[in-house]
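Order of writing sets the labels: A, B, C and D. Residues in every chain begin at 1.
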Amino acid sequence: MGKSEELRIWSGERLKRDVSTHSIIPARVVLNRALSRRFHIIKVRPLTLIKRPKPVQFFMVWSPGVDELPLSVAGYNASGEITFIYEIKGPGTRRLSELKPDSFVGLKGPLGRPLEVADGGTALVVTGGSGVAPVPFITKHLASKGYQLEVVWGVKRGDELFNLCSLMSGFEYLNIATEDCSAGYCGLASELAKSLLSKTRYDLVVGVGPKKMLESLCKATLGVKTYVVLEAIVKCGLGLCGSCVLQPTDRLLCVDGPAFKCEEVIEYLEQ
Amino acid sequence: MSTLSSEADLSTAVAGVKLKHVLMNASGVLGALPEHVTRLANYGLAAVVTKTFTKRPREGYGPPIILRLENIGFLNAVGLANPGVGAVPQVVRRGKELGLPIMVSVGGSTVEEYVEVASVSADAGADLLELNLSCPHTMGYGLDVGSDPSNVFEVTKAVASVSKVPVVAKLGLSDNYIKSAGKALEAGAKALTLINTIRAMVIDVYSLRPVLSNVFGGLSGPPLHPIAVKVVYDVYREFSPEIIGVGGVTNWVTAAELVLAGAKAIQVGSALSSNDPRELIRSILGGLSEWVKGLEYVRLTDLVGLAHRK
Amino acid sequence: MSTLSSEADLSTAVAGVKLKHVLMNASGVLGALPEHVTRLANYGLAAVVTKTFTKRPREGYGPPIILRLENIGFLNAVGLANPGVGAVPQVVRRGKELGLPIMVSVGGSTVEEYVEVASVSADAGADLLELNLSCPHTMGYGLDVGSDPSNVFEVTKAVASVSKVPVVAKLGLSDNYIKSAGKALEAGAKALTLINTIRAMVIDVYSLRPVLSNVFGGLSGPPLHPIAVKVVYDVYREFSPEIIGVGGVTNWVTAAELVLAGAKAIQVGSALSSNDPRELIRSILGGLSEWVKGLEYVRLTDLVGLAHRK
Amino acid sequence: MGKSEELRIWSGERLKRDVSTHSIIPARVVLNRALSRRFHIIKVRPLTLIKRPKPVQFFMVWSPGVDELPLSVAGYNASGEITFIYEIKGPGTRRLSELKPDSFVGLKGPLGRPLEVADGGTALVVTGGSGVAPVPFITKHLASKGYQLEVVWGVKRGDELFNLCSLMSGFEYLNIATEDCSAGYCGLASELAKSLLSKTRYDLVVGVGPKKMLESLCKATLGVKTYVVLEAIVKCGLGLCGSCVLQPTDRLLCVDGPAFKCEEVIEYLEQ
């Protein structure tokens, strides 16, 4: 069969072109498990070369026959494996959590614009809720750009926490905030962030989390270059269907975002 | 020499509505909300076409709803997701505020629904109504109507006879497209939009399942283009009506072919998923302008239907 | 471990004719002369399909007759060029000499012509007859027949009732393809070939003329594939007949999709214009074999129609 | 209009992608005139980049609305202009001869396989009739491959001759043969070639011309690496329609040729 050795995409998992007639690329689940009461992690290996994702890009992750969900890249390694961190919210993420290693998902992406930042300086990354998902990938990138950086991570309850440090690299310090006061700072991530902002001068602030948190972050960082990473209902990921529009602006999250400068989306955040 | 005088005249008119150039979006690409209209206006289009509105809001299908294909086309089954006729007035108003002609795409599963959506749209100030007689993936909507010339006649007649706003009938590929086109014109359509997507499907060979949540969808983009050219050519040869050509327009050449086949305006759909839709529109217009001048014509509309010359 | 045991079983059968694997050429790609048959055999196909033969020789159209398109499809208007039914025996004989099953594609402008070409072919020893009910660009031939279920019935019945050789009906896209498929089966077709090309055209924007000498032609290749998958899927769901899938097969994935939709054999047409058709066929077969094994199946035919599983 | 300057493909003739939706590339006629009683030359400039043709490749040359004809490349220059030499045989070539400078033709190609030869040595190129068309391009290529080469050109009547030398480069000597004995060797090109072959040892022989000439050339060069460049009715140029099959072989001229080793096509030549 000559070339057929190269086609052993199933058993041998060799990479091959022409694995699909459409933009969904098959990927095998490598691991899939809980990180904490709230968060799960899934690592997948695409069967074919995928464009190298950059922070804060995301993939539409298709569970065949069930649903297709947007998930931000949490990590990407040299063998092309992609990691996502997710929270079970409804049927789609529940089904995702049930996938066994070796089963197939489909990946569409990377979608969205990469976060583009100038080189070097000091940075603060503020995250809350499921916003933590892209943070490891963001911090890795900022560190590689020469940033000295600090992270604020806020959760409601202490048992949502997991060892975020072990997934990150190159950050200066991880500040924890819990609303149940079971660990770290007692209160909201945005409050902790504000107090840090009042004491240190940052060149760059990146916020990922609930709308309210991002709104207050934007207001606390007037004058500092601040990016907020948003969520919206993504259906097509191509700028065609309009479902991800950030009303009342005319920005489409899937093609213009998911990261925006505060001034681009402040009307949306204030809504 | 001013920049202006070095450009060809790309203006046109559809059913009496003047357009500063020939490009508008295809229905279903944005156009369901006022913010979408703003965005389309920023792309530099000469007119905005809304998403097809139905009487009641429709959630549409869950993802996956759109696939980019290796054959460089797109496959979609959005399921006519739209906020319902109640949202039409604010969408039309945004068009007016931006000074752009706006064509409301009208859908329905019964003649009465078409008439109702059309009336609301007309009252809201729409410049044109596009009857979607051809959406190929919603049961009870679309192709069932468009492939049957007598249905086309009935729906078009019902709307045209109550509407003060010019009616444009949008048809898809079917065995009877020439007849359907004739019937639409006979019933009072002032122009035709040709063509809608073609039913198609994609199966995932790993999970052995159809990929779209709706199982099948409508094929758009470049695979459609030479088929659209043929349909426009045939209908123009038969009736020389006003035609808005749509299907696989991605650059000035694809637009020019539709013009030569008989289209006096052009819609761009899938290609608006390009990285820079604004630049895309500019470059199509720039290419068309050079083309018209290169052929030593003054107006793009002078080239409409010229492929029919012996 | 021998090479053989490490390959999946790709054998199949169409209308009782056993094939060592699922790939054959699509009608019209070579297959008009004995030398063409030799060449197709060298490509490694499991069966050879002839060019559509008509009663009288047809010169076909003058060039340009085929265009490669930017949308990665092909547009052809060959005009059923063929040396006429008189040449069938020598073409069939070459197939026999090479030990390959041979399916003669039968064309006609009247029922009688179909019957005549079919009889000559059967007498010459053809293993299968493929009724071309769908060639979309020859007036009086093709689509006129295939899009009308009662014509399909009439032609198929007439041929099937006089032919000892199994009859395969080849249909194209039309509004009535499900009905036409049903009628063909009812009339005695043992299998269906789905689909033929779709009418399309290309206009040269420099000379302002249609490019094909015949003005329009048939679109084939990748643009057709998701449409072919849909047609095969629909017809399989309705009747679960034996289906030969054709349209845009360029690699193992496109072939696999047609299998999952319901095809138990596959034809490759335009893609045989590849630089190395022999390698193309090998790589499609290699990919299919890996795929079957990867899914832990033994025979490719076990996967036929599996996309219909709930 | 910003980028529109780049689009001046008509007046300014700037190169641009996306000039066509199909495989026929528009080209402007630069010059078109008679070379002799029998031969004409046409030079065209494609509006967009074309794959660099190699000898003995050919183009399908489309006169819009009239016909599409296979013509061998006779020359190709640094500005991308392509030269063809042709003979008026019927309506297609007649129409071609009527095209004025600045009018449009369409080009499909380059088609066929390039002639692949080893480096260096001595070569004899034998041509007769309209076979002369690709000869300038062939000799240029052989010279660049380090061949010392000699050309035999046979015509029926002396007034068919034109200044072939001026179109060629790098050949050692051009031998003329005329059947009317008005110039050079008196007789057939194949006869002259035979006499040269009997006196010199060549590493490579290339023949382009009528079937009979090529047959006798193949027979006279047993043991010498010999290529013959053939003609057949080319319709699709893609290996699909089968019109160019060289019966009784299963070779297709358009994809396997137009150059063949003698042994590949001897049955065809003998027919």
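The rule is short, and it goes like this: contacts are C-beta pairs under 8 Å (C-beta built on N, C-alpha and C of every residue); 3 or more make two chains touch, one makes a residue touch a chain.
Only a predicted model underlies this, so the values are computations on that prediction, with no experimental measurement involved.
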Touching both chain A and chain B (chains): C
Intercentroid distance (Cα basis), chain C paired with chain A, Å: 48
For chain B paired with chain C, centre-to-centre distance based on mean C-alpha positions, whole Å: 34
CA centroid of chain C to CA centroid of chain D, Å: 36
Touching two or more other chains - residues of chain B: 69-71, 75, 202, 205, 209, 225-226, 253, 257, 291, 295
Contacts with 2+ other chains: residues of chain A: 18, 20-21
Chain-level touch network, classified as line, ring, star, complete or other: other
Complete list of chain pairs which touch one another: A-B, A-C, B-C, B-D, C-D
In the complex, chain B residues that touch chain D: 3, 7, 225-226, 251-254, 257, 279, 282-283, 285-287, 289-291, 293-295
Parts of chain A lying in touch with chain B, wherever the complex brings them together: 18, 20-24, 26, 60, 62, 64-65, 67-69, 104, 106, 108, 234-243, 245, 247-250, 252
Of all residues in chain C, those that touch chain D in their complex: 28-33, 35-36, 38-39, 42, 51, 60, 62-71, 74-76, 78, 81, 202, 204-207, 209, 211, 213, 269-270, 272-273, 277
Chain B contact footprint on chain D (complex, rising order): 1-4, 7-11, 18-21
Chain C residues within the chain B interface of the complex: 69-73, 75, 147, 173-176, 198-203, 205, 208-210, 216, 219, 222-227, 229-230, 233, 248, 253, 256-257, 260-261, 291, 295, 303, 306-307, 309
